[in-house]
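Chain nomenclature is as follows: A, B and C, assigned in order of appearance, with residue numbering initiated at 1 for each chain independently.
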């Protein structure tokens, strides 16, 4: 009980500290628009990748369609906020995006989650492409041109706070009965079923939750970047999120943070290299995978409870 | 005499053209300890798989006597069969390897503790209450089977014999009425087997459940069970008390070859 | 009727390109369970090789295609050796990300070295259109169909009749057991990459001739479609990959013909999902159930 409270306080402190730090640096002018852009991209990527890590790393279902759900959130905001140009309108659009993403995830997940491994990956990829192609051809989404001049209703602070909330929710999911159930299914589906777990239902829970967070990420993306087009949500976008997850370590939320930050920083640094940028990026990717096959952090998690427990053990 | 728990009549299972199980009828009563023996490939595990819903039956009915009346369980998913009160272990240990002993047990309790999805995301007091109750119950069960010292270890780190024991604990955590043990003594030395024998007996009595075990080790089976089924080539060869089975000519022939 | 026949001809030509590409995916997946994301880019390399040898060295079509196959086979083997072999015992998702990395590297490397411009492929063979009643078929289409079918037959023969083919099938079923009976795993895997990449190289030259335009990113979409074709046919199955390729090719042209070209990819993916739901391992795939 005491350790839990203490750990939670440490986490809360860390989050507040991060906020104040960024705020201070922004005030001091050290963070310019360029860096703020990078930080926001990192934040949105964290939201997207954490949801995907829940699906891939914890429930063991290989989804390659994350960008499809992100697109739903982005377009909900892109379509609604130009009409309701208030903060309330933004959150309403985010909420609607999440609801539509949940419905879409149910439609996609109920039939396809029976598939295994790479078959599921290819089916979810197909589903995401179908979502994108629908958006590409509908009138309300303005087709292939996309939507411009979306009101700027999300600041870096919005992204930061929502990133923290998403992370807390996801970690809570993992450290609960639901989280244990999905990990059991990942470890051994037959044994999990024999223990009375309705495997489809639990897999679906993780998949739908991941899709909902993707929609949140998409909504923030639309409100911050202010321009969206269907091509932003293609297979390569899903792969970009997958790369963050695998690079950080499949099954490590801390790793997802680290990878999102590393890749975000790398991307910013490589801006100066022009066309060489993507070559260096791809080489870095190959080399990291060869030398760190389990990702940067493997399955390691930063935990303050563990430190406390260690302290207790040391005192005894 | 005693009330029935599960009856299976005229079970048939064909894999392609192969008759894995043909017309097998068995019945298990409440609080019984039953053995299922037979030579390799006799269809023992297949019968377990049919009874637990892992493989669908080709023909026949399986009825389970629950608190809410008789339930036909063939055609149901393994999860539904498990929720109806049937649990099992596996011949080639199927633990959740990367997860801790405590989590392995808590996972089996999933259906008995409803903390609510939203309340677990928001960490409401209800979540903490349920979570604590669940953990306490799991730790109690773990303590009964002397696993407290390794409760925080991933299952994969445990020695083979302990893994088998954990599988039994995990199966018990689902609160079954009927427990199937698939070769629990496989790979154990005589001493470990003797311990296990005592343990199985104790489980059956303390938890008031019916235990059915598949076993190759005849000494274990004969000393511990009340009643035996003998399978050969997918068909029922004999049924009876250990004494009856030991004297059954057909069984002797099947086990020891023609010259017995 | 006439349009159906015409669309069938167009669909088969396009489908044979997908089929040639799908073969590479299916063989590599069958043997090391890797979705070789860079496979589409090897096809792009094949097209560029053809472009250069025809333009600069004035190769004939046959010489260009054969040399492209050889070149791509070599590239495939090198990629496997450098990028995938070190990861053979790593989680499969790691190898997949590496394959994506290789794909990015090939695409961007080519853009960097030769610019990202689209260029027109030299027409070494003068297009002649034949009229069969009301149907039109060009000599290029015939060439594509003929070459593709010939290569598929050749491949089937290699896999079924040669020692190396036998080794490939053995490794696909059980690599450990294959090694125990004296099969050299590394050689077999290299050979598989060589074969698959050679097919992609041939497809690259053929598509250059057919569509008359090539660019460094040309491999991306056909690559993914060809993988979809391999999955539809039953990944790991050579006849399945050919069938899957033709299905996708015909489907695409058919959807285009009825005026829904904006949705042609969506229809392909929808068919993919439906086929997987009905046959979880594709048309010719074996659905292996886990033993309890």
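Methods note: contacts are C-beta pairs under 8 Å (C-beta built on N, C-alpha and C of every residue); 3 or more make two chains touch, one makes a residue touch a chain.
The structure displayed is predicted, hence computed values, not measured ones.
Novice: Chain contact topology under the given definition, line, ring, star, complete or other?
Specialist: complete
Novice: Counting only C-alpha atoms to place each centre, which chain is farthest from chain C?
Specialist: B
Novice: If you tally the C-beta contacts, which comes out ahead, B-C or A-B?
Specialist: Result: the pair with more contacts is A-B.
Novice: Which chain has its C-alpha centre closest to the mean of all protein C-alpha atoms shown?
Specialist: A
Novice: Calculate how many whole Å lie between the centre of chain A and the centre of chain C, each centre taken as the average of the chain's C-alpha atoms.
Specialist: Roughly 33 Å separates the two chain centres.
Novice: Based only on mean CA positions, could you tell me how far chain B sits from chain C in angstrom?
Specialist: Distance between chain centres: 49 Å.
Novice: Just the number, please: Cα centre separation of chain A and chain B in whole Å.
Specialist: Each chain's C-alpha centroid was found; their separation is 41 Å.
Novice: For chain C, what residues touch not just one other chain but two or more?
Specialist: As it turns out, chain C has residues touching two or more other chains at 292.
Novice: Multi-chain contacts in chain B: which residues touch at least two other chains?
Specialist: Answer for chain B, listing residues that touch two or more other chains: 54, 90.
Novice: Can you list the residues of chain A that touch 2 or more other chains?
Specialist: 190
Novice: In their complex, what parts of chain B are in touch with chain A?
Specialist: 52, 54, 77-79, 82-83, 87-88, 90, 94-99, 103, 106-108, 110-111, 113, 115, 117, 120-123, 127, 130-131, 134, 170-171, 173-174
Novice: Within the complex, which stretch of chain A touches chain C?
Specialist: My answer: residues 56, 62, 111-112, 114-116, 118-119, 121-123, 125-127, 129-130, 133-134, 136-137, 190, 235, 239, 242-243, 246-247, 250, 275-276, 278-279, 281-283, 285-286, 289-290, 293-295.
Novice: Would you tell me which residues of chain C are touching chain A in their complex?
Specialist: The contact residues of chain C facing chain A are 29, 33, 35, 83, 86-87, 90-91, 93-98, 100-105, 107-109, 111-112, 224, 227-228, 231, 235, 262-263, 265-266, 268-270, 272-273, 276-277, 280-281, 290, 292.
Novice: What does chain C use to touch chain B in their complex?
Specialist: 292
Novice: Show me the residue ranges of chain A that touch chain B in the complex, using the header's touch definition.
Specialist: 169, 172-173, 176-178, 180-181, 183-184, 187-188, 190-199, 205
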